[in-house]
Amino acid sequence: MAQIKLISLQDAVQRYSWDGMQYASGAALPIGSDAIVFGRELLRQGRRDLHAVFHCSSQQLNLLAAAGVVTKAECGFSALEVFGFANGLRRAVESGRMALEDYSNLGLPLRLLGGALNWPFVPATVNIGSDLQYRSAFAPDDYPSQSKIPTVVDPFTGRQIGAFSPLKPDLAAIHVTLADPFGNCIMLGTEWSRVELSRAAKKVVIIADAIVDTDCIRQYPNLVRIPDIVVEAVVHWPFAAWPQSSPGMYDVDEAHMKFMNKALATEDGTAAYIRDFVDGYHDVDSYLDMIGRDKLAELSASTTSFLLDPYRRWILTPEQVAALQVTGAAA
Amino acid sequence: MSQALDYTRQEMMAIATGREVKDGELAIFGVGLSMLAGYFAQANHAPHLRTMTEGGVYGATPVGGLPWGIECNRISTNATSFTSAIDALGFLVASGRCDVGVIGAAQVDKFGNVNTTGIWDGEIGAHYRPPKIRLPGAGGANDIACGAKRFIIMVTHEPKRFAEKVTYLSSPGYLDGGNARDRFGFVGGGPSAIITTLGILRPDPQTKEFQLDGWFPFSSIDEIKAHTGWDLKVSPDARVIAEPSATELANLRKVDETGALRKH
Amino acid sequence: MAQIKLISLQDAVQRYSWDGMQYASGAALPIGSDAIVFGRELLRQGRRDLHAVFHCSSQQLNLLAAAGVVTKAECGFSALEVFGFANGLRRAVESGRMALEDYSNLGLPLRLLGGALNWPFVPATVNIGSDLQYRSAFAPDDYPSQSKIPTVVDPFTGRQIGAFSPLKPDLAAIHVTLADPFGNCIMLGTEWSRVELSRAAKKVVIIADAIVDTDCIRQYPNLVRIPDIVVEAVVHWPFAAWPQSSPGMYDVDEAHMKFMNKALATEDGTAAYIRDFVDGYHDVDSYLDMIGRDKLAELSASTTSFLLDPYRRWILTPEQVAALQVTGAAA
Amino acid sequence: MSQALDYTRQEMMAIATGREVKDGELAIFGVGLSMLAGYFAQANHAPHLRTMTEGGVYGATPVGGLPWGIECNRISTNATSFTSAIDALGFLVASGRCDVGVIGAAQVDKFGNVNTTGIWDGEIGAHYRPPKIRLPGAGGANDIACGAKRFIIMVTHEPKRFAEKVTYLSSPGYLDGGNARDRFGFVGGGPSAIITTLGILRPDPQTKEFQLDGWFPFSSIDEIKAHTGWDLKVSPDARVIAEPSATELANLRKVDETGALRKH
């Protein structure tokens, strides 16, 4: 019998985060899945001096960087795809407030794979021979860098390749579509690097758009790529990736993507954004009111909705989730 | 445009890029224009193209216009498989399996090296300092540049984007030319073309320096040389590139249903 | 539009196998999923001098080794779990007819991972410090072996670990529960190392217990861990893993597991087994007759059957599959 | 047995092994008897045990008796997750995350090294030659021995199985004793106990040589020494091990519903 791990977002941030920590979010997709509400709560609780590990920049990293609470970051990609540069991140980098260590979109997950396997290093056949190897924002005077992606000699051929340093973040907040109360998770849409991250991180907190009964999990065990045994806590938060998308659940909020990114381009805009969209709610209901009920309906009318159909009958009601959450908090 | 057909320079660039992609190939596209070029190829002349995005999204045809990203709902609606980044960029691209990739560039140099990381005042110098303008970073383009059998660079043809040497080398072309890639054992063959809003550049087989291979009907050798930041050589075989056919344009616009390529 | 890839088992073996090849099977689970019918057909077509790459021994490797057509093999485990030693494999090893190179159940799939990523080597923190590292059946006089799992120096700490050689088999025949006519595959039960194998092998032939319409694939894209783009051909063959099991489909045939393993313990028994159970059928129908229709019903009454329920409505009839197969062969 | 309760030596071994497994731990079991021991622990005193098999099968309770294997339908019927070998043995075991593993042995030596690969006439020698009897190989046991925080070896207590030095070292115990494991940087702590059909051996904290820590009610120090192929030392704290309680035996037999442990 596994343990019920449903707790509130507030409790999750309080228990599992601290100033100066190495904080990873997943999927860290620029437009899709990411545990953005966890980042909002990090700000609400005043966390700072974070070392962010994001496969890609997302609106979460954009926001945390804009707010000045990220000192170091490691990414494979640092913009918002068709929504352009991440303005908050740009300001933080260009001002020198945040050191951004660059890898590629394969380099970053391979470093998580290495962390998951507890390897001392990971073979690198990409990122070498470029400034990803030679330039280090964490050691700016080490040029060409000997420490960021050092060389290793292949014992079979004697040839040199690169070696990535593995990543083991202190905490990963991972967004998933569905989770059961024990932390068994189903993702719809690309995993990106959530599986590797869930195994590499020292602790994992799940942020789920919906909670399902474990019967759903037992019907689809091959979809449960993050099993309960690696999970510390589960937070239920609908539209947790907003304004980004969650396949099967909701589309990108295009207007808010642009509005948010524009706001984060300035100090004043960032302050206003935090006032209205970070401190502007006190629970799930007021969060959903803040987005707007009409907007929620619009975003939910996604062409991907059919992807959720097989699982709908197991989704627990807010009341059922609340009842289980009490159990979890008491445990 | 002075042509019978009304099309934009971006559309010409996308179609010229799409023409580089052959039926049956395993192909990866970045977000934005390169994705439109790739899905245009599939709609136009490469029905058996095996497409993927670096998000590990396979078998999809985008719906509702230009996908927001490599993983978004517009590309997740009718996919046949969702896997992961290590699968797409590692098992299928860095491994050398992928036939062709299409990437963008903020800055490209005469050896096809790409900068998508930042704009600095002058050279960076020995101390790594913050850029004046931070760009999106390497993303999957570095992995494509290292691993794909060949890749195509799509870039707006402006002098500031065509540098003698990129300020920051995000994704390797031919490095300092010749066989320089061999030093790193890259399984990928390097960039086969730079396709711009004005024409097509291809590498010299020996030196690997990019030279002008063709100009679009609305452009010219002179215009292209004037917009290139190094002393661009012209291939003896350089010729004008065929303008889009009516079918090509129709197929492109089916893919680009929201007209992203018609805005400029 | 992907290409229909359904072909006959006979054609698949004819086109994609040859004497002396490096042949991998998946899942190569000793009791569960494995492309055993592909091995039977290898014998029917007289293939020999095979270099077998099996994550674990299965009844397939047991049979091929007993028949004397495997010269070299690489495995992580070489018995049949509760069904005991693999007698055919034992005879081949003990007589010196087959060189068996030993790794562990993690070492083998990590070598496939390295092949899939085209790495020159794979970091080894297991298998080192034991005779898995020091003893090589492929180079028996290299002792302690310097070539099987050589050491590599971690550039971050200067410490030594091991280096596995990556695997890239010429062909992988992979058993899956469900595939569509294009080669998009759904596995029920553990993947074991089928995903890594499907990416490491130079060519992949899928052996599916059932064929589904692509609508099933589009409903469950997250279950499609082997996509069509890595697949050369699809063979439809019900009970393809028999006498082993396929979760959701059929249980282990305990009696035949024991009967087969006992037969493979001797030359005569092996010859009789080949006569009756390798050359004893000429198509799917006579294969199923050979197993026995009552036995099929019994094996199908599995406690795991509910795992197949979500996909049943998309399973194509034998007639539909046959019609598509003609298309595939004509292509 | 002369005890009030009727139980077999194999049942005593399984219960003694199960007692080593603590509630809440992340645990991995091999096939056969070790799986029965592990699931007995879960049924008896460790309801929150987080169980897995090396097949990447999580959250399952076996049905229908002794599972045929680490992946079979008897263990696949009510699982909550199926993943892969790299996940189970790599991410969760070789990584150092797994608290405890249970493995079997054909031969074990005084430093807890395990042979499951083959039986030879005498030492193998410099030339690697075929064994007289080929055994199942390392399987996942080598990975558990390298990576699990601790592991338990279950083995029938016969002189031929308890050797001064294993002929072939399939899975590392303490190698040649002391801190020898450090040479290889193993993240796992090594074997914490050898549990046999006669009693329990544990390593000396310094030398890592296994010594007798306890004997079962139906056994004795003398019997165990006589069945051990090296000069077995006896711990000053050695004591008789409590026989199975009625509850333990009932819980074990619930798991072992087909009586696999009652055959010998």
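By letter and in written order, the chains are A, B, C and D; residue numbering begins at 1 in each of them.
Just so we're on the same page, a contact is a pair of C-beta atoms (placed from the backbone, for glycine too) under 8 Å apart; a residue touches a chain by one contact, two chains touch by 3 or more.
Nothing here was measured: the structure is a model prediction, and the numbers come from that model.
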Legend entry - Lowest number of touching-chain links that must be crossed from chain A to chain D: 1
Legend entry - Selected pair, greater C-beta contact count between B-C and A-B: A-B
Inset, instruction - Could you grab the centroid distance between chain B and chain D? Build each centroid from C-alpha atoms only and quote it in angstrom. - result: 57
Inset, instruction - Between chain A and chain B, tell me the centre distance in angstrom, where each centre is the average of that chain's C-alpha atoms. - result: 29
Legend entry - Rounded Å distance between chain A and chain C, as computed from the means of their C-alpha atoms: 37
Inset, instruction - Could you give the separation in Å between the centres of chain B and chain C, each centre being the mean of its C-alpha atoms? - result: 39
Legend entry - Numbers and ranges of chain C residues touching at least 2 other chains: 117-118, 120, 125, 159, 161, 188-189, 191, 195, 221-222, 307
Inset, instruction - Send over the residues of chain B in touch with two or more other chains. - result: 76, 82-83, 86, 90, 94, 147, 185, 187
Inset, instruction - Treating touching as the only link between chains, describe the layout with one word: line, ring, star, complete or other. - result: other
Inset, instruction - Chain pairs that touch, all of them, please. - result: A-B, A-C, A-D, B-C, C-D
Inset, instruction - Using the touch definition up top, name the residues of chain C that touch chain D in the complex. - result: 27, 29-33, 55-56, 75-79, 81-83, 85, 89-90, 93-96, 100, 102-107, 109-110, 113, 125-132, 135-137, 140-141, 143, 159, 161, 188-193, 195-196, 245, 247, 251-252, 254, 302-304, 307
Legend entry - Contact footprint of chain A on chain D as seen in their complex: 26, 47-48, 50, 52, 58-59, 76, 78-83, 86-87, 90-92, 94-96, 147, 185, 187
Legend entry - chain A residues within the chain D interface of the complex: 1-3, 116-118, 120, 180, 182, 184, 195, 199, 214, 217-218, 221-222, 224-225, 227-230
Inset, instruction - Under the touch definition given earlier, write down the residues of chain C that touch chain A in their complex. - result: 114, 117-123, 125, 150-157, 159, 161, 163, 165, 186-189, 191, 219-223, 306-307, 309-310
Legend entry - chain C-touching residues of chain D, taken from the complex the two chains share: 31-32, 54-57, 63-64, 66-74, 76-77, 82-86, 89-90, 93-94, 117, 124, 126-143, 146-147, 168-172, 175, 181, 183-187
